[in-house]
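Below, chain A partners chain B and then partners chain C, in two separate complexes.
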Partner chain A sequence: MQETTYQKDPNIVFRKIADEVILVLIKQDVGDFQSVYTLNEVAARIWELIDGERKVKEIKDKIVEEFEVTPEEAEKDLAESLQKLEKFEGIKEV
Partner chain B sequence: MECPHIPIIKYAQFSERLSKQVLAKRIPISGSFEFTFRCNLRCAHCYCNLPLNDQDAIEKELTTEEVFDIFDQIAEAGCLWLLLTGGEPLVRKDFLEIYTYAKKKGFLISLYTNGTLITPEMADYLIQWPPYEMEITLYGATEETYERITGIPGSFKRCQIGIDLLLGRKLPLKLKTMVMNLNCDDLWKIKEYAERLGVEFRFDSELNPRLDGSNNFNNLRLSPEEVLKLDLDDEKRTKTWRDICARLIRPFQSDKLYLCGAGVSSFHIDPYGQMSVCMLSRFQSYDLHLYSFKEVWDGYIPEHLTLKAQGDYPCGQCELISLCGRCPGWAWLENGDLEAPVEYLCQIAHLRAAAFNTKHKEVKENGDERKDAKTVPEAANTSG
Partner chain C sequence: MNCGTIEFLELSNEILSRGSCLRFRARGGSMSPFIRDGDVLKVKPAEVSEIKLGDVIFCRTGNRIVAHRVIKKVSENGKGFLVTKGDSSPNSDEPLHPEDLLGKVVTVERNGLSLRFDGRVARLINLLLTKISPFSRWIYPVLRKVKHMLSLGYQHFNRRKQSPFTTNQSQGGV
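On to the complex of A and B.
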């Protein structure tokens, strides 16, 4: 998994409004379009770092560097977030 | 297990969660955008419809690129809920281009249409790029009633086809109607039709004046007594008005003209790029060809919101203000005066209070009618 690279589905729009960060699903075949996927600070940063080029381990290193978390905590946060994003096809392995 | 970092919630819940932040920070979370004032129908009551081929209107309308630019700006400013309306928005040749651009900006789109221009191809496209919600106004339960209002033969059938096409694809459709003396006999049949289709239905019984100031609405309006009767005949509305009366009738004292969310969390943009605080308050608007959205929102609108009554302002002392449809925009359209009461709405508010508010009834029965009920002068009907 550490070597995996992900890319985002272009039919998901990332919005920052007030203190909220959300993913808006804009096409029918992506997730539940009557629901909103809200992201906490770590998940929002993970989403920003997914660019089709960075490997998971590079994203983890960035999270450790930018947030006050241990590598183990970062790995757990990352695994949970990526699993969720993959589940509604917000991201795909490259 | 639910991921703690990316919880999923319904948009309504999200909206509640956002509301405090939005008001405190004055974020333009909600906007309405009129694509065009032109329409393929000729509705008797419509406040803005222009003929389909009105060259002056076509020339003045924002170009596709100008609309895109405005969408970029409002997204940047924090707009999430965007109402696309008209006129009839589907008459613009670039409708799908603009709609798709709005989708890609991440707006949650409400689309208001008369439904008569929906084709199978359009419906297929919309389900691929679904709006948050769609609303069609159904003016009658029969061809005769519907076309008495729209003035276009064949429009009833086309509207029904449009509804079927959208529902066949499970688009999030709601129906509504504007009740006037031309269609009030059909109201409950329209409601039954909506219920049979399994879609939400709502109606508006208070007709507002046209934007051009022409005085063609008075002969179409229901009387205040008829408006009240509809409230009483509808169980859900009765409950809503009882609740509003119980919660919101209270002593009131303010000389501020704007008391709603207009300009605080919402805005309006017309087909020619004129931005105002809401659809009705167009007496003060700002040209987005000359100013950026941010310049208007941050620089001009705040001043607009501080407008205070200069003269005698009975509405500012009326305990029924929260159940009255009057606002500075409506007062301007109807009376040409921001501060004047709108007699029609005033009568409706007093009838509703008498019918739905126990406390108000007791006061009246004791012969101690409130000051507000007596101080409302005859509104000068100077519109037109």
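On to the complex of A and C.
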């Protein structure tokens, strides 16, 4: 898990609004506002950091540094966010 | 989190500019009764040249984003402009610059049913609605009254048709 790298799905359109990020998935050629996904501040930062190159471990270190949380808390938040983003088809493993 | 007008416009623009369609819930009643508050619209990307009279387009007017009907096409200095109007609005909108056109409404979903706008019958209805559009503020209230009276008449007719036996049976509940 720590060595895994993720990339954003190219079929996702997103906008940052204040500290949050709203994601719209284009599926079967339709961008459906009936199923949008909203990321809170931490998840939004994780989303920003996912670039197809950074490993999960590096993202965790950034979260620990920027949000002043323990590595365990960061790991828990990260695992939860990645799982939800994968389920939404917003990211995939490289 | 609410997706504001600007964000909705930007996201819509990006989706449509990729050549994909857009699906969202309509708010407001300016196109009532054809499109009602809460209906789900599907919009496809479109150019001014492919827009016909009567089409319902998704566009930017001022600082709003609307789905209104095209009631006139005008040409000025070799540039095509569209004039739109909400079916139940008293006045038409300002002429639309081509760059403010975002797409064209292709389906309206309500109560699990989907009405396609690109069929022959829908095109005829659209054209008819365009012709009566200037008089919509007088026609629609009259039609609403007629519909209301018809539904009252239907209810009265149904009540008279029910026999006392059926009524007693349904009230028994045993």
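In this text, the second predicted complex is superposed on the first by the 86 of 94 C-alpha atoms of A that agree within 3 Å, B and C clash if a C-alpha of one lies under 4 Å from a C-alpha of the other, contacts with A are read in each partner's own complex, and residues count from 1 in each chain.
Note that in this section a residue touches a chain if its C-beta (ideal position, glycine included) is under 8 Å from a C-beta of that chain, and two chains touch if they have at least 3 such contacts.
In this text the structure is predicted, and so the values were computed from the model without any measurement.
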Inset, instruction - Determine, under the contact definition given at the top, whether A:Ala43 touches first (chain B), second (chain C), both, or neither. - result: first
Inset, instruction - Answer with first, second, both or neither: which of chain B and chain C does A:Arg15 touch in the superposed model? - result: both
Inset, instruction - State whether A:Thr70 touches chain B only (first), chain C only (second), both chains, or neither. - result: neither
Inset, instruction - Scan A:Lys84 for contacts with chain B and chain C and give back first, second, both or neither. - result: first
Legend entry - Broader residue contact with chain A after superposition on the shared chain, chain B or chain C: B
Inset, instruction - Could you pull out which residues of chain A sit against chain B in one structure and against chain C in the other? - result: 13-15, 17, 20, 22, 24, 26, 32-34, 36, 38
Inset, instruction - State the interface residues of chain B toward chain A in the complex, per the touch definition above. - result: 3-11, 14, 17-18, 21-22, 25, 27, 29, 75, 78, 80, 103-108, 127-130, 132, 172
Legend entry - List of chain A residues in touch with chain B within their complex: 13-15, 17-20, 22-24, 26-28, 32-40, 42-43, 46, 77, 80-81, 83-85
Inset, instruction - Show which residues of chain C lie in contact with chain A when the two form their complex. - result: 1, 3-4, 7-8, 10-12, 14-15, 18-25, 40, 42
Legend entry - List of chain A residues in touch with chain C within their complex: 13-15, 17, 20, 22, 24, 26, 29-34, 36, 38
